[in-house]
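The same subunit A turns up in both complexes below, where it pairs with subunit B and then with subunit C.
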Partner chain A sequence: MFASIVSYGLAVGAVYALIGITYNVMFSASRVFSFTAGMLGMLGGVLGALFIGKLGLPAIVGLVLVLACGAVLGLVTELVTVRPVLKSIEQHLYVLSTLAFALMVQQFVAVEWGTEAQPFPRLIAIGPGWLDQQFWLPMLACAVTIVGLELLYRKTLIGRAFLAIAEDSYAARALGLPETQLRMASFALAGVIGTLAGFTGAEMLLAFFGNQSILNFYGFVPVALGGMGSNRGAVVGGLALGLFQQAANFLVGGIFAAVAVFAVFIIVLLLRPEGLAGGSAARRV
Partner chain B sequence: MTDATAPAPPARALSLARIEGALPWIALGLVGLLLPLLDDSYIGVIAQRAYIYWILSAGLNLVVGYAGQIAIGWVSMLTLGAYTTAALTAGTATPAWHPYLALVAGGAVGALAGVVVGLPALRLRTFYFAMTTLGFATIVTQVALAWKDVTGGGVGTPGPVFPWPFDPGWGFYYFCFILAALATWMTANLAASRFGRALVAIRDAEVAAEASGVAKPRLLIAVFLFAGALGGVAGGLFASLQSYITPDAFTFEMSVLFFIAILIGGRGSILGPALGTIVLTVLPEFAAPLVQWSTFLYAALLLLIVLIIPGGIADLLDYKNRRPLERHREIVPQPELLARVLDRRTGGEVLSLSDVELSFGGVRAIAGLDLEIRPGEVHGLIGPNGSGKTTTLNVISGYYAPEAGQVRLGDAVLPPRAPHLRADYRIARTFQTPRLIGGASVLDNVMIGGTIDGEGSFAESLLTLPRHRRDEKRLREAAMLALAVVGLDQLAAVRADRLQHSELRFMEIARALMLRPACLMLDEPAAGLSADEIRRLGALIVAISREGTAVLLVEHHADLIFDICDRVTVLNLGKVLAAGTPAEIRSHREVVSAYLGA
Partner chain C sequence: MSITRRKVLAGSAVGAASLASGLAAPAIAANEPIKIGYLPALTGPSSSTGIGINRGTVLAVDEINAAGGIDGRKIELIVRDTQSDPTKAVNAVAELTQRQKVAIIFGPLNSGEALAATPLIARDKVPMLHPCWVDELIDVKKYPMAFRIAPTNTQVGGGANYYVVDVLKLKKVAVISDTTGYGTASVNTYVPMLKAKGAEVVYTNHVDAANPDLKPELLRMQSAGAQAIMPWSVNAGFLSRILNTRGAMGWDVPVVGQTTLGSGQTKALLDKPENWNKVYSNNFRQVCFAGGKLPARAEEFVDRLKKAKVEMGDTLLWWIALGWDGAKMMGETLKAAGPKADDIVAHWNKTKDWPGVYGTVTWTPEQHNGFPDTEVVMCEVNSLKDGAFNLAPGYAV
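So, the complex of A and B:
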């Protein structure tokens, strides 16, 4: 039992962490928290099952197509729901515009794909136990993403431009950085990461339209725990959340697990609003 | 009444406006009352559903439309209320309850959940609150699925059946109708009270609300309690209407429906969201082929509203505020009325700073500042940019806690980091950029300033008890008087975001006067004013100080400072460079070279 708590918990946790990173990548570029993060996760599974399971494409082609769709959706998100309301960000209209867009996509999936959870094809036939794809694939994706992002941010010029925008977009613009293009690139990147999370986690979570709101919430918890914009915080928070949830599920049952996660979320928010790892408040007057 | 003494709202116009505002409600009420005459149970069920949705939306409207808190998962209150009422009536968890008692319990559980979910809204960014409500909605459904003994899990559980007089059929119809009318009445009362104004102030100008003594956490908790209770009661009724409930009945999409109804209707309106709820409940009945696309269409509608008319229908219908204002308006203050606004007894205390220090990172913004602002005097605070003027003001108003030293009013030490408590000490201020409550009238903007003088409680306002009505009358009269003092009484009914910049500055002063301040702090009140307006402003400020108020004036217009100040302090790098009468300062060598120029 212990082994299955750990393997399952880490795998789910890796998916949560990736969704958390999706939130972060969009937030860093635009100061916008977008409800499309969970949508991307949900789509990763549904599109993967569609391309590989239904249409019978080779796994690698399917994966590339899914990620490409994610990137396109990221761009659409930026264009349609973020850019028009960015001017009046203090009104928080982005909450509504991104939510509305995410819901439209979700409902489209519900009608065209169906409201039943459908299985996701097995891509690599090894296992069972630890070697099972459904456990190591999300973790691998998470590791690749975090290493890739670190390399991007630390080693490349464009990555440093991302950081500059995240730190102080006003100053970055004054330096002549193309803020709009960088923001679009960030949203495309977030689209790729979000769908990757959904794709790799789909054998476990199934291809199901209802995953959207679950991933939206459980993917945000690591961000709240780890601090906004902190990818490492999101990974630690995500894995911890996954383990905690699975342990509680096995030991005391699902009701308690759900309530406990929510209680921890609220308590952390109230005691450490900036997350467990630092941050600061802005001048108000 | 003549102009000089006159500032009371024209009573007849007000009552006319009230009747005009009540007409749609009377019409809706008549339709609701007479609907059973049709004796069509299909229409009856749709109407009941609309009432139930509205009972929830009426409360949610205060949270979303008035307080501006994005509660996207409020459907969880409906779920909780429904399961509580159903489970208690059925007796799956406890001995069976009487249905009416169980409904009350449903409301109580909803109220409690409203507060729990709302807690993050008290101090966190908007998105967190949106996320908590979403998370709560997700979890409530998961629990309903998992807790099979009580909720029946995925199979579901029967809803309560209310006995006579509100038994199923038209009895239950009238039950829903009465409760919906009650919810409307109570939320309308609250919206028109100082609590409703404070909610809008939190939404549009939180800093100004704080400076007027609005205690955001307390107010929001009260609103979440009320909105949660309405949601819970709606849930109990919903369970009865459905006669059998499963977790599938409470989809997140339903939340979106409530939300959209409010946004379509318009923020800060009650009629708008009510009509929105009715339309959105009835619409799917006419569009049966589209039923599986209904949520998609709602979401598309939401996106369109946000992108195209964020103000909602209420904004489109607000024809009164599209009438052009007179072009060449002049602000003519009437300082002679000040004696009626200010209360000499509250003045008379010295505001003093002793040895205050504050640094941001490595920068010492204030480095050992002593300052004494006496009643009856205008004290000018000048200095180059970055010398610590606004920071000083923010320390006094409690936004920053000094690292050393104290701020005192008379003998009382002011608590640091508690801006909302400054109003209790009768310390009022204006802001460098005017903090207006854009969607509210000028009168409402000013009435906010008197928030702490209200005596009635939240519950009294819900029920318009006499103390609430006395509060309202007194605040309205005081606000009209304050507007007359600053010369804006003609614009009382206009939406504040239509005023010119200079008018906003005077409006802020009127708001500050509502506190009958012992100490009034003005942060660059002359910025952006014409020469004429500056002259009138100067006379007004002097008149205020002569009523016994201590005035602290931060300003860059050297002429104004030297004309009206009794005492001037010059700051440089967070320290006092010079202090004295205007004449002394004008001839102070260092000041002239550092700041005034030769």
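So, the complex of A and C:
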């Protein structure tokens, strides 16, 4: 039982954490909380099953194509749903525009791909048990992503420019940083991370159009738990959520597992509204 | 243009003339086709059933017309694709009853659309034939002109319960469902029925179908001493996870339940083919192989399908048979009772042991659910051949 809680919990938690990071990357660059994160996760699984399972492409080609599609969708999201509403961001119109775009894509997938869950091909034939790809692949993807982002943000100029935009977009623009291009790059990066989450988690979650709403929902929890914009917080929050959800699955089961998860979520937010890892940020004026 | 008195008079004359020719219509109508309204879902997410049923319906109507129709009048099938959308079904009903003035409506073929359309068809007083299972569709007080040639959900659950308790002689049962309306309603209906049969329901739960790991649920069933698992869901992902988890645990427990257990979508999601062993899904005695042979009516029907070159490999025999039975029933009724609504209903109310390919139908003025309990059986899901399955082990052949 313990092994099952840890393996499944960490694997699902890693997918949630990656979706949380997807939210964060888009949010940092634009102050827009884009609800396309779950859509990207869902598409990672569906497109992966399409390219590798249906069209028979090699796994690595399939992965690259999926991530490329994610990047393109990220750019489209920025162009179609974010840029037009940035002027009136205080009115939170982007919530509607990003959600509407995500729902349109989901309906399209339902019509073209079908409403039944479909299998995701096994890429690496080891297992069963702990060595099964469905457990370690999402964890590996999560580790690679978080290390990659840390290196990007700390070691490269473009990464520092991302941070500058996230910190204060007016000041960054005043310093001559190309805000629009950086925002587009962030959305493309988020597209890659979101589809990677879906791709690596798809053997467990299957290639299913309905995963969009689940990932939107459970991917949001680590962001709220870890603090908006904090990627490390999202990883800790995501893994904790996965472990807790799986433990609740074992201990109470049925629909009560979901109730337990959200009860804890509400309690944490009541006690620490800024999130477990978030601090109250002071802004110099 | 100004309206003059002369124009009004001329218009009235034309109107009167057309009215007069309308009054003379019955003499002409004797050769006009008899219209039957037909509401399949041929596109959209729930269309696989509709496509299968449609093959049988079209074949039967073609056969009736080729043999001269109903006393010289052809049957005209007015088909409106509901696209698996209740709103479209409702719009189509208005057209069929009010504009096309059809004699009978067959369908809608899916429950969601049927629930929306039935009250409207009843209001417009058109006889209707149901192929759907939802119990509420038949109510002789509310919908006195609606008849069903298929089993009800209660009969379907009863058939599964009968198999577990009376055929397999298992007394400790675990019943689970997903959290959809269908799943929870099924569990709430079937668990008391199981208990009334003397079975002990050792575990029952509603589970989120998106939950990727069902091992906790199956471990709980196992430790509760379950001898059979009865899952009620139409979600292939959920059902395949139950079967895969059972396989990974090496637990040799039979899984007995709804038809989706045996669907191609469920099969595609299995980790290995053996996970489909000892899985029994609902089916119907008249269209199942028993001892390697189909019953006589079905065998004759399969020959007919082969002769007409109707594709069977990508659908289910019982779907085609259901469509064929529906059209055949309507054709025979129109021949015996004519196209008037009250005559059709009176004829149907006296139907006894009508020998359909899909099922043997009996209706009375008090009971418009026509399918016999004894013909709702379970089949082996891994035995699909030419659209039909083997009867599950244990039944008297």
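One rule holds for everything that comes next: the second predicted complex is superposed on the first by the 279 of 285 C-alpha atoms of A that agree within 3 Å, B and C clash if a C-alpha of one lies under 4 Å from a C-alpha of the other, contacts with A are read in each partner's own complex, and residues count from 1 in each chain.
Everything that follows uses one rule, which is that a contact is a pair of C-beta atoms (placed from the backbone, for glycine too) under 8 Å apart; a residue touches a chain by one contact, two chains touch by 3 or more.
It should be emphasised that the depicted structure is a prediction, and the values quoted were computed from it without experimental measurement.
A.B. asks: If subunit A is used to align the two complexes, do subunit B and subunit C fit next to each other or clash?
C.D. replies: Superposition result for subunit B and subunit C: clash.
A.B. asks: Between subunit B and subunit C, whom does A:I214 touch in the aligned arrangement: first, second, both, or neither?
C.D. replies: both
A.B. asks: Contact-wise, after the overlay, does A:P121 reach subunit B, subunit C, both or neither (first, second, both, neither)?
C.D. replies: After superposition on chain A, A:P121 lies in contact with neither partner.
A.B. asks: With the two structures laid over each other on chain A, which partner does A:Q246 touch: subunit B (first), subunit C (second), both, or neither?
C.D. replies: In the superposed model, A:Q246 contacts subunit C only, not subunit B.
A.B. asks: May I ask you to name which of subunit B and subunit C touches more residues of subunit A?
C.D. replies: Looking at subunit A, the partner in contact with more of its residues is B.
A.B. asks: Which holds for A:G159: it touches subunit B only (first), subunit C only (second), both, or neither?
C.D. replies: Neither partner.
A.B. asks: So, does A:G254 touch the first partner subunit B, the second partner subunit C, both, or neither?
C.D. replies: both
A.B. asks: Which partner does A:L96 contact after superposing on A: first (subunit B), second (subunit C), both, neither?
C.D. replies: In the superposed model, A:L96 contacts subunit B only, not subunit C.
A.B. asks: Would you find which stretch of subunit B runs into subunit C in the superposed arrangement, from 6-14, 78-86, 96-104 or 150-158?
C.D. replies: Answer for the clashing stretch of subunit B: 150-158.
A.B. asks: Between subunit B and subunit C, which residues of subunit A are contacted by each of them?
C.D. replies: After superposing on chain A, subunit A residues 110, 214, 253-255, 258 contact both subunit B and subunit C.
A.B. asks: Where on subunit C is subunit A touching in the complex?
C.D. replies: Of all residues in subunit C, those touching subunit A are 45, 179, 205-208, 210-213, 215-217, 219-220, 235-237, 240, 248, 265, 268-269.
A.B. asks: If we count contacts the way the header does, which residues on subunit A are in touch with subunit B in the complex?
C.D. replies: Counting only subunit A, the residues touching subunit B are 33, 80-81, 84-85, 91-93, 95-97, 99-101, 103-104, 107-108, 110-111, 213-214, 216-217, 220-221, 224, 253-255, 258-259, 261-262, 265-266, 269-270, 273, 284-285.
A.B. asks: Can you name the residues of subunit A that touch subunit C in the complex?
C.D. replies: 1, 4, 8, 12, 110, 114-119, 128, 204-206, 208, 210-211, 214, 246, 249-250, 253-255, 257-258
A.B. asks: With touch defined as at the start, can you tell me which subunit B residues reach subunit A in the complex?
C.D. replies: Within the complex, subunit B contacts subunit A at residues 70, 72, 116, 119-120, 123-124, 126-128, 130-132, 134-139, 142-143, 146-147, 207, 252-253, 256, 259, 263, 292-293, 295-296, 298-300, 302-303, 306-307, 310, 390, 394, 397, 399, 431.
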